[in-house]
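Lettered A, B, C, D, E and F in written order, each chain numbered from 1.
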Amino acid sequence: MRPSKREADEMRAVSFERGVSKHAEGSCLVRFGDTHVLCTASLEERVPGWLRNSGQGWVTAEYGMLPRSTGDRMRREASSGKQGGRTLEIQRLIGRSLRSVVDLQALGEKQVTVDCDVLQADGGTRTAAITGGFIALSDCLSWMEARQMIVRDKVLKDHVAAISCGIYNGNPVLDLDYAEDSTAQTDANFVMTGKGGIVEIQGTAEGEPFSEGEFASLMGLARKGISRLVELQKLAIS
Amino acid sequence: MRPSKREADEMRAVSFERGVSKHAEGSCLVRFGDTHVLCTASLEERVPGWLRNSGQGWVTAEYGMLPRSTGDRMRREASSGKQGGRTLEIQRLIGRSLRSVVDLQALGEKQVTVDCDVLQADGGTRTAAITGGFIALSDCLSWMEARQMIVRDKVLKDHVAAISCGIYNGNPVLDLDYAEDSTAQTDANFVMTGKGGIVEIQGTAEGEPFSEGEFASLMGLARKGISRLVELQKLAIS
Amino acid sequence: MRPSKREADEMRAVSFERGVSKHAEGSCLVRFGDTHVLCTASLEERVPGWLRNSGQGWVTAEYGMLPRSTGDRMRREASSGKQGGRTLEIQRLIGRSLRSVVDLQALGEKQVTVDCDVLQADGGTRTAAITGGFIALSDCLSWMEARQMIVRDKVLKDHVAAISCGIYNGNPVLDLDYAEDSTAQTDANFVMTGKGGIVEIQGTAEGEPFSEGEFASLMGLARKGISRLVELQKLAIS
Amino acid sequence: MRPSKREADEMRAVSFERGVSKHAEGSCLVRFGDTHVLCTASLEERVPGWLRNSGQGWVTAEYGMLPRSTGDRMRREASSGKQGGRTLEIQRLIGRSLRSVVDLQALGEKQVTVDCDVLQADGGTRTAAITGGFIALSDCLSWMEARQMIVRDKVLKDHVAAISCGIYNGNPVLDLDYAEDSTAQTDANFVMTGKGGIVEIQGTAEGEPFSEGEFASLMGLARKGISRLVELQKLAIS
Amino acid sequence: MRPSKREADEMRAVSFERGVSKHAEGSCLVRFGDTHVLCTASLEERVPGWLRNSGQGWVTAEYGMLPRSTGDRMRREASSGKQGGRTLEIQRLIGRSLRSVVDLQALGEKQVTVDCDVLQADGGTRTAAITGGFIALSDCLSWMEARQMIVRDKVLKDHVAAISCGIYNGNPVLDLDYAEDSTAQTDANFVMTGKGGIVEIQGTAEGEPFSEGEFASLMGLARKGISRLVELQKLAIS
Amino acid sequence: MRPSKREADEMRAVSFERGVSKHAEGSCLVRFGDTHVLCTASLEERVPGWLRNSGQGWVTAEYGMLPRSTGDRMRREASSGKQGGRTLEIQRLIGRSLRSVVDLQALGEKQVTVDCDVLQADGGTRTAAITGGFIALSDCLSWMEARQMIVRDKVLKDHVAAISCGIYNGNPVLDLDYAEDSTAQTDANFVMTGKGGIVEIQGTAEGEPFSEGEFASLMGLARKGISRLVELQKLAIS
């Protein structure tokens, strides 16, 4: 039995609230249960140095947690003077995931920065950030299309979404919340596209190593969950 | 005529949404029109070094802006490696303002940190942060009282709230929004208590110096606005 | 009775020693009693990025305290790796104050940086820095005029000076020294021009909030003090 | 055909040179072809704060690249003032991987830090670091056993090794070198124990997403490679 | 002919102004011609970690230059976020030099920090800092003796002073000023005690290497200069 | 008797292993006994800002120690966020020493960066780094000559090498190892050219000051040692 009484293959309630930022070209407050992430997509004219005069654009991401998004207050990274390893690791993952469905040539020499700020954390912040960041990005591209800057469907090749799975009390379960995540033996994050292609897999044994069979169960759960997330994304932006 | 069509002494719509954080001992999403600040109050056992074994507590504040809370995306302070001068100045002001109504002896040797994170900015973020931070702090003290840690009314001596005023197009106006703030000749922030005592005054001539008469008009507007904010605070926490 | 036995409206002995730096285009060692601040004005060709090719110049300030300018040795900011919030706050104030009397268009696309380094501190370092920084700036502009770079009187529109006031033992007093500053109930800094216009007001209740009446007394004292400081500035540079 | 003319399931020449450091309790220069990583294991008495007085030990890792270990000289991280995201990500992975085969309770309240410094890079530095770091750690534990500090076989529960795989020119291949890594469509790192348990999986689509079938091929290759690496580790330390 | 018209073995005018700081236990404004360095000695109860409970004390130094102490304004180190290599090198040298004449055991478990801040630079700032820092240190020890904390003559074993020499236009000259220093072929700094012992020698060929004979001339000049500096120190503190 | 049983004028075994880096234009693993330093020379097109469009090149050096190159593990400088004073001091010395034998005009507007990374330390790392760095630099210049970029013998004017000497147990000895260095009364580093010119002298009294006679003995030993090092360099690169 999961602490949340969910079925093994049952995700938390997922919602996307679009247009939450007055200023950003695209924005989305995504909720996976009690995990709430504010995603904004910002269009900028300048691209990283290595792309200057290449005609090609860039999509990047930054990630942060508000100090009291967690059970105990964390030190503010701006105050400690650097972003921690976990933060850098997650924002690199979000950026790679979003770029996997973008045609950077078709975007043209512009940069979209997707900021994912965790307002409240209850496990799965990185998967929520990818899934909600996609909505913000998509809305930013629609904003650009409305101004004849791009053709949105040439830039955005597919959907992308992410979910975590893990082995909790010996059973593979979908979409870990914090209570599960902190005691799971194995924890894996999957990023997949709308067409079912795999973009990223990260699996970690927290205690004992896991087997190929266990990993296959997690991948099966993830595929089901991401398929549902993509449906919800489509509802949200249609 | 103000860009927002407000009267000279008319504040923006103000609202307090309490209990927005699952984790924090007190929390409040405060809105002054399109300025939205998420305030959380976190109780911690440890106090700053100079208070250890003094029997006295501490209230402090931190302030941050999400990168795209503003019209143009700002660089994330965690990524640039330090908090800017404006950030430090504002968080010092919030801390001083909140401490002005707290009996630190009665609090006992504990620290409350009030984090004020700007989700969306449209002028007046520091005054919204003080006014909403008070609600978060008050709720945190109620949380402590419910656990017999303190007597709330002995710790919290009064209300405290803040508002900005300025001279816009030659006329003194209350509660500047961004459109006004960026072109105002003079900009002043006032922090006052529920009983009408002045806690902090900061007035700056952006262009031409201002006169004592002009400053008196601003103070009059501020008194009126803060009096209204305190009423709204009382409604919110009653 | 004030610890220094001064009258309530009596400033400390103020002196300006000009030309103390062999290298700087303008320099002044200003003394407010035992508070000694070395101010240098440096002319530079480059302006901040946002002014490039604007034809407009800039005046900025930096502030620092020598580690043993104070009663207890402070940590050297260069060694701790960052300027503290108080330092940044003060140098921003000095810069704004000096710019309030400069016509940046008439200056042309050049930058003057006024460095204010506290050799010895006894309260009121920021007000001494503004008052002495004006002399250094003025001398730098004379240096430029002597080289036909500007017309000094078109660039420098007025005098600017600053003083602190506070409520000490229940009485409003002018020009707090450290002994008063550290126990004053209320502390306020005023920056005004030679013509009497107000440039900046910063008032803080250290303990109990203060009233409008008390604040009016402080402003009255400040006006008197600054008027005297401007006279002394005129004597110094004539 | 691979650039190196290796078969799809053929690893580069792997060697372990033990005892290369006069000072470290354990050390190993590991070579995967032209990738050379110097691994040292250092025993320290102090453990991280959260383990103090817990009776439990800790194993951690740090990773660095010499500036000219790569084709183009990279900026020295000590000089740029911080470790990049990639560095932090890799050293966290190495630490988790090594801890997966250590009984931290049996280690007792001591810390072993495994430093992995890349002398020359040609792809696969993190997998070489884990595989060679295991040897350094093992030798450090033997050093401790020789001094009756621990029973080595109670602390070290199994072997652990790592290898990368990828899809190069449409074909799954084992142990990517730089020429392959920089153009591979998919890149995956696997960490497994001597008994075949999976400790960590990281798979990334560099261009097009990949399928479950492709991923299964990579896992099969990895299993074969790691099995061979563990044999070589056994030869090295026997 | 030297630019300053000095003889080859002629130092600049040297003066020591003691007691220039109201707060410091010892202080000295030292002038070597136009090079002016403010030295303060601060007594602190805490010693570096490695000396705790050793009964032994420590003497250390910090060095800084005011931004406009030089011909062109330098960036403030507090603002750039770190002390440069030259600064660190010089303050290490000053600390070593002063410690060479102190019996740290006799000092007892206390620390004296000597801050040397260059108000105006014209070559030879490090040698002035050592020579003047000695006076500040000596006065600090007298201050301690007056309070029965130490016996000054047991702590301070000898005098220490420093001077630079160089080969300018092919001739060995004493006490380089900036005009000479910036074009000298060879530049050497010597630190010696009152009894003539050598504490530190640093010689650098700026252009062509130098010979042993040339170096011997520099050492001869230095010996003469330091002997004179020690006489002046004795006059100053007697 | 020296701990290593060496004669007073006997250096440790010195060896140069060239071409140890697959990527660098020049490289050398230099060993002075148990002190092992990996030196690489990297050719870069860009020069420091102040040399742009000057037609002149630059040679610079960076120095680092692997964390466990020493008896006790040191903190990694990349992790502590800055290079320490000793590191900066040494890399400035290496750079100056190498530049003393390079005609920067003949090099042309290019930069060679010599990285010296200490793999294992047993005293004398800076002298080994200079001596081995010369080989790496020389090989880099040969690499450039092979590509008709320069004429090597016009750029490289002479050999340069370095050695430490010290007074150990009252006797002057050559090439201190760590056991001697940590207890020597006086420690001096000498850098000289192949023709016998002196490039740099650094002598420090660790305990008691030293005399001119003692210093002359150290210089005599150094001359002998460096002469031998230059012979070995010639053998290595011929």
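Operating definition for what follows: a contact is a pair of C-beta atoms (placed from the backbone, for glycine too) under 8 Å apart; a residue touches a chain by one contact, two chains touch by 3 or more.
This one's a predicted model, so the numbers in the text were calculated from it and none came from an experiment.
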Label of the chain whose CA centroid is most distant from the centroid of chain F: B
Intercentroid distance (Cα basis), chain E paired with chain C, Å: 33
Computed distance of Cα centres, chain C from chain B, in Å: 28
Chain C and chain D: spacing of chain centres that average the CA atoms, whole Å: 59
Chain C residues counted as touching two or more neighbouring chains: 81-82
Ring topology as an ordered chain list, initiated at chain A and continued via chain D: A, D, F, E, C, B
Chain A-touching residues of chain B, taken from the complex the two chains share: 21-24, 27, 34, 38, 40, 42, 44, 62, 64, 66-71, 73, 76-79, 81-83, 87, 113, 115, 117, 119-120, 122
Chain C - residues contacting chain B, complex: 82, 84-86, 88-89, 91-92, 96, 100, 188, 192-193, 195, 197-205, 208-212, 215, 219
